[in-house]
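Some structures to go through are shown next.
In the two complexes that follow, chain A is the common piece, with chain B as its partner first and chain C second.
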Partner chain A sequence: MAFFLLRRIATMLLTALCLTFIVFWLTNLAPNLEKLAKNQGNVRMTDEQVASFLQDRGYAQPLPLKYAQWLGVAPGWVIEGRDGTTRSRCNGALENGVLPEDARSFCGVLQGDWGYSTVFQDGVGSIIATRLGLTGKLMFWVMMVMVPGALIIGVLAGMREGSRTDRSLSTVSIITTATPEYVSGVVFIAVFASTAFGLRWFNGSATSAMENATFENFTLPVMTIALYGMGYIARMTRASMAEVMTAQYIRTARLKGVSFPNIVLKHALRNALIAPFTVIMLQFPWLLNGVVIVETLFNYKGFGWTLVQAAGNNDIELLLGVSVVSVFVVLITQLISDIGYVYLNPRISVS
Partner chain B sequence: MTHTMQTKTLHPAAKLYADEYKAGLLDRREFLTRATSLGVTAAAAYGLIGLSQPVQAQTANIQQGGTLRIQTLVKAMKDPRAYDWSEIGNQSRGFLEYLIEYQNDGSFRGMLLESWEVSDDAKVYTLNVRPGVTWNNGDPFTAADVARNIAGWCDSAMEGNSMSARMGGLIDANTGQARDGAIEVVDDTTVRLNLSAPDIAIIANMSDYPSAIVHESYDGGDVYANGIGTGPFRPVSIEVGVKAIIERATDHTWWGTEVLGGPYLDRIEFIDYGTDPASWLAAAESGEVDLLYESVGDFIDILDAIGWSKTETVTAATLVHRFNQQTEVDGRVPYADRNVRVALAMMVDNAVCLELGYNGRGQVAENHHVCPIHPAYADIGPAPFDPAAGKAMLDGTDFADYEHELITLDDDWERNTGASVRAQIADAGVNIKHTVLPGSTFWNDWTKFPFSATTWNHRPLDVQVLSLAYRSGEAWNESGYANPEFDALMADALSIADAEKRRDVMAKVEQTLRDDGVMIQPFWRSLYNHHNGNVVNAEKHPSHEFHLYKFGFAA
Partner chain C sequence: MTDSYDGPILEIDSLSISFFTRLREIPAVMDFSVKVMPGEAVGLVGESGCGKSTVALGVMQDLGKNGRIVGGSIKFKGRDLGAMSQDELRKIRGSEIAMIYQEPMASLNPAMKIGRQLMEVPMIHRGSSEKEAYARALQVVTDVKLPDPKRILDAYPHQLSGGQQQRIVIAMALMAEPSLLILDEPTTALDVTVEAAVVELVKELGKKYGTSMLFISHNLGLVLETCDRLCVMYSGEAVERGSIKDVFDEMQHPYTQALFQSIPLPGADKNARPLRAIPGNFPLPHERPNGCNFGPRCDYFEAGRCDAGDIKMFDVPGNERHATRCLRFKEIDWQAPMEAGDTTRKSEPGRVVLKMDNLKKYYEVAANALFGKRGDTKVVKANETLSFEARESETLAIVGESGCGKSTFAKVLMGLETATDGQILLDNRNIEATPIEKRDTQTIADVQMVFQNPFDTLNPSMTVGRQIIRALEVFGVGKNDAERRERMLELLDLVKLPRAFAERMPRQLSGGQKQRVGIARAFAGNARIVVADEPVSALDVSVQAAVTDLLMEIQREQKTTLLFISHDLSIVRYLSDRVMVMYLGHVVELGTTDQVFSPPYHPYTEALLSAVPIADTRVTKKHIVLEGDIPSAMNPPPGCPFQTRCRWKSQVADGLCEREVPPLRQLGDGHQVKCHLSDADLASMEPVIQIAAE
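Here is the complex of A and B:
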């Protein structure tokens, strides 16, 4: 078990390293740096101004060196700019051009310094913490709606395969899974939030939900994400339930005269939930995917929205931070799903 | 204030303008713009033409207090001189004030300057600093503050300083800084500017958003962090892309309460809803905001339909489809040839673009970037429209089979206008495609696109945009236009303070721009915004400014 965990963590670090290097390389391509300079300085900067802007702020160094500085294995740059100001990676603009005695020379991820977001003008660590918290809130409610809903639909549909209940519930779940968030979200806003349709039950914008989530402003984003995942999990639960219901021991129980509700709840349910558990855990990475669309659509400023802003504005260090967090979320949920699977199904062993 | 003005001599040209107004040669708006830029107060200017100044601010029925929530982009703060978005100016306008304020009716009003006088040759400006103004940290505001800020504007070594290009007459070309003796502090309340060349746009430039007045303790970076200004509000917090908050500075006595009235609000929140107007609508419908920064395109009608109140202003804001005359495409420079440019411009009927691209909400423009509401506009007739002749002309060049590519931003009306331009050129039998780029890609290289659409904001004077955008080698010249003849005409125009005399030169300027096929400029936009019906004094401003001290809720 320990060896298994160790191997998983090693994979996680290696993946994070590879992914961040790719992101780093792409965001440091010359046109992207030019865009960055123009965003930060002025959209009408000349080529010379762009060059000196990049030079003065350490962007003109070789790629591997910059990456090593971000990681924290190489000392941060100190560059005397052409405008006379000396800037350093770790200590910002220097008053009199020299580093203070006690100044740090290494400041990278390994030192716990996630860098500075050029778009938001704030530390990457604190931005990600705030935004992840907001997405956490969204995810929590999505899970609260999605998981029980999906399991109930799946179990109801799977316990009598081929019945009318099964057919209708399966149809519903296939429709919700087949409708991507960017379609269902727009349809929801049009139907439930716009004057055009006249219902106006909910708000088409979730901006105020960041501070104060209410039934009105949070329902649509939660339902948009939840419905998409719900159909999929329900389908998995149904399949697994249907399979369990045809097993020998269920027939035996029926022949012994156990009542149908008892069979479903006491005999079938636990075995039927093994497969959905894995699927639910694997939904987390998919949810990250969904929040990118939904947060942008409903203008809810969480992790997905941050990712869009960071990518759209070529905010190098923020994008790297977002990537690292995403890698960890994906791999940790997989790890939990593997370990949980072992506990639910004693026939499987990880080592 | 009006008393002090009446004792001063009126600029001779102001009287001329008044006569022209009475003779019907000028409309009221033009008259006001011209007269007030010569140092005549708005009240005095109205007096010259026998009218009394309309009471703009409805002060009687404004409620004191309240939190106003405004939908607007929230951009990162920077040194005011490098401001490149009107939104940034608005975020700091509550505490960083301006020397001059450009008003909705086209006139200029002194804010931190009480009044100003311009010499007849437009080379000497005397600025009278408003007495009794203090910074919100208690320091008195004096002529030295004004001189320091103007000297800062002249620093052409600063990256992204857009003020230096507008202060050319004060700058020593060798050092790139303010010339010795150019900015003279006469006494505690008087500053004199001695220009090396006549410049009639100085006052108008001092009202533009990069000219915010900062305290001496400010040395670059985020002005929210410094927070010292003369205005009635104080910055509280800013989260870029999310929200910025300012609050009434209760411990600071604002000079304007006596002079202008206000401020009325306790707190103002600027909330970012991205660039998609559908999100702004959603915010309006769900009651998350009280006022929109701007309403655009089809959303104007939709916002009317949900019961929000519309305000409108006619402006010289526009969309220019400009050719870059220096950009190389596959080893050739397609738009270096004048005939190619003129031929394409002849294929486009500007009225069609206005109808299809902007729902007819504006005025047809004439391909020379001077608007009828500008003081020295000369009517040289509509832009020629003759697709057949244009096609024949294009066939005579080396680029008859060239595939043109028009690039526009992915923004409702800019995209639609671009599509209408493309369709008309294609109808004339020319190979052309239309590429729509999202903002994140567009702004990267936009100045070098061979053929693309650029939005321009309204500026009060005719010469302002032209000198920024079309003179050889200017910072904002993305058409790559370099014509010594045009530069000479502009130098001429910039030295004539009297708009009536300048008009003859402007006619030549306009004709040159059109004959050289510098741009296809389809229309002038009217601008709109909407509020929920309770907001007072928040009418759309031609330069997108929020005069926050005036804003309030209806009682």
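Here is the complex of A and C:
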């Protein structure tokens, strides 16, 4: 088991390294840097001014070196700029050009220093922490609605295959998966939050839910994401349940005298959940997709929204931070999914 | 409970069951009656699809969504099961009537510990506490003779072998000491020696608990060994019913008689006394003829009488509770000697065409596929120093149970795998290291295979004719399409299929017909060596004979060398010239059929012979039950591969069997045995099978 975990974590780190390097490279392409300089300095800078602006702030160093500094495996730059100020990566602009005695020379991700967001004018670490928290809240409610909902629908439908319950529930599941979030979100806003139908039950914006989530302001974003994933998981569960119910051992249980509710709960459920469980966990990365759309649509300033802002403004360090966190979220869910699978399915054992 | 009840335990009276599909009603069982008395074991035999399982499920009242009882009644201890509510039925199921299915693995819940599954039964039916239930489970698991019961109760089904799983299924059925036990082909999935042990156990427990049994099987020999009475079914009806002795020795129905003539009993011989296959095919439930269902295939059919109308069961006078569904049973001379089929002369084996010399095939497998470290591999020795020769027009049988390396050997010969060591000489050319892609067309055409399962080997979307023509193209037979088409039709003639079948799709054929197409394909390039891997074991008894005879006939005409892989010793004895017995990758005995089937035996051959059920009341067998299961090839025992189960082991001095692999010993006339036993011990062996004088 320890070996298995170790291997998984190693993969995770390697993936994160590769991905961040790609993001690093993309954001450090010349046109992107120029845009950054003009954004922060002055829109009407000459090419020369841009070049010296970038040079002074360490952007002109070779790419691998910059990446190593960001990681924290190479000492941060200290550059005496052409404008007279000496700047250092770790300590900002220095008065009289001397590093303080206790100054750190390494300051990268490894030291816990995630950099500074040029858009939000705040430390990347703290931005990500708060935004992730907000998205966490959204996802928590999505999961609370989606997983039990999907499993119940799936089990009810699959328990008696071909019955009327089955047919109606299956139709609903297909409709919900077939509708992408940007369609269902807009439809929900139009139907439940606008004057078009006069049903102003919910809020069309979830901005206020960031501080204080209520039924009114949070239902629509949660439902938009949940419904999309729900149909899919429900269909998986239904198929798996229906298959299990025709298995020989279910017949054995029936002929042993086990009652129908007990057959479903004790004999069928665990076997039927093995397949959907992996799907649920693998849904997670896809849900992050939905999060970007829904957060933008409902103006909920979470992780997805931040990603859109950071990408739109070439906010290098924020983008990098977001990528690292995304990679870890995706890979950790996969890890949980593998461990859970092993737990559910006794035929696979981790020795 | 109605313990004072002393009438029949189960009384099925004119039962009719139909399945309703969108197209039509399928009458699966018609006018079926049988009675099971307390403590009695009744066998139900018949071919696949004749409705045996349907009867069993009818008794359990579990026919699924589309099945319904359309007539008759099923009484259990005098109470009508059909009139009971779901609740009452649930109380009876598992506690008073228990059922055991064919596939043990599939009938155990994979995600539930064995202990839980067993304990559930008394907890539901007797309201036992966990502790009482656990104690009972422990006792029953001990009763079914499983080693280390505590560990087994704590295991998941996949951690047990097939034989152990079947014992657990039996234990589960016995948990509540039912009055009636229904066993639906309980041993079909098991190896012969394991089957023998399970059957022994069922018989013993049946006696111990006084359980009545309904034993469903297609194997007449097995029924003879386990049951007191017997009911033969054909196409949804009971055709003959009576005590084992009456039905086996004084059969009164042409179908029963035909069935006995189509199975290889001792004394049958492919040349002097060939089997007689039942002509024609089993009618589908909706295509049954008027009058007697067996009419179109019956030798005694009399137009105007047999096809006039429904036929009742008639009691056979003189015998107790013996009945038959034949109008003419009194007129038929049952003692008439079996009409001799075409006897043929034994063909002499020609020159050596295939020679194996110290062939070895090892597989390397990762010890733990999912989480194993690198380098952590194990070697599975699938074939260990195989040496033999096969001659032209000779039939060499390769016998052994699962995992003995029969199929691996076939794969190496075919070139699907390459050998690890040793050589295979085909006409003195080495082919052991040439995979099939690199073999020339002639070699491929020369060495062909007939597979066990005719259902998977044909392409379902191509007509039969097209598939044979494809094979001809591959073998480079014929100059143009017209020539190949002609040859294809000849091949259909060869395997005795009507030429019209060329246009049929595989799904329109029966199992036996599909197997014939498989044979036609194998012989398309005039194969000289044909490996037949259990070619008839997936087929029905009455069809087996026809397919076997077909193989023999083609062999005689084409002088083919036939390597016949099988676990069924009866058929091996019937058709082979020489026999090779394998166990865990080793050849333990090799010799002519007579040498192998008479003493001295290798101890494993001896046990194998004793395990095979023989459907003949004259036969007495020596009773040898092997302990335990076949060891896994991943983890073979040290020394002699058979030492974990050998009953002769103690005769060999100072544990030699546990230390050293025995050498292959020559016993004269090419008879070889791999065993440490002394010549005196070997000479002291008695024959296992004895036929009482008539």
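Rule of thumb we're sticking to: the second predicted complex is superposed on the first by the 345 of 351 C-alpha atoms of A that agree within 3 Å, B and C clash if a C-alpha of one lies under 4 Å from a C-alpha of the other, contacts with A are read in each partner's own complex, and residues count from 1 in each chain.
To be clear about the criterion, a residue touches a chain if its C-beta (ideal position, glycine included) is under 8 Å from a C-beta of that chain, and two chains touch if they have at least 3 such contacts.
Given the structure is predicted, the values throughout are model-derived calculations rather than measurements.
K.L.:
Please indicate which partner A:F4 is in contact with in the superposed arrangement: first for chain B, second for chain C, both, or neither.
P.N.:
Touch status of A:F4: second partner only.
K.L.:
Could you tell me if A:D83 is touching chain B, chain C, both of them or neither one (first, second, both, neither)?
P.N.:
In the superposition, A:D83 contacts chain B only.
K.L.:
Does chain A have more residues touched by chain B or by chain C?
P.N.:
Comparing chain B with chain C, the partner touching more chain A residues is B.
K.L.:
Looking at the overlay, what does A:N271 touch: chain B (first), chain C (second), both, or neither?
P.N.:
Only chain C is touched by A:N271; chain B is not.
K.L.:
Under the stated touch criterion, which partner chain does A:A30 make contact with: chain B (first), chain C (second), both, or neither?
P.N.:
Touch partners of A:A30: none, neither chain B nor chain C.
K.L.:
Can A:V258 be said to touch chain B (first), chain C (second), both, or neither?
P.N.:
It touches chain C, and chain B stays clear.
K.L.:
Which partner does A:A247 contact after superposing on A: first (chain B), second (chain C), both, neither?
P.N.:
Touch status of A:A247: second partner only.
K.L.:
In the superposed view, which residues of chain A touch chain B and also chain C?
P.N.:
Comparing the two interfaces on chain A, one with chain B and one with chain C, no residues are shared.
K.L.:
Could you pull out which chain A residues touch chain C in their complex?
P.N.:
Result: residues 3-4, 162, 247-249, 251-259, 266-267, 270-271, 274, 344-348, 350-351 of chain A touch chain C.
K.L.:
Flag every residue of chain B that touches chain A in the complex, lowest number first.
P.N.:
For this pair, the touching residues of chain B are 76-77, 82, 84, 157-160, 162, 222, 239-242, 271, 273-274, 279, 281-283, 285-286, 288, 305-306, 438-440, 443-447, 475-476, 478.
K.L.:
Enumerate the contact residues on chain C facing chain A in the complex.
P.N.:
60, 62, 65, 90-95, 98-99, 101, 103, 106-112, 120-121, 124-125, 156, 158, 169, 172, 368, 370-371, 373
K.L.:
Residues of chain A touching chain B in their complex?
P.N.:
Interface residues on the chain A side: 31, 34-35, 38-39, 41-46, 49, 52-53, 83, 119-122, 189, 193-195, 200, 203-205, 207-208, 216-217, 296, 298-299, 301, 309, 312-314.
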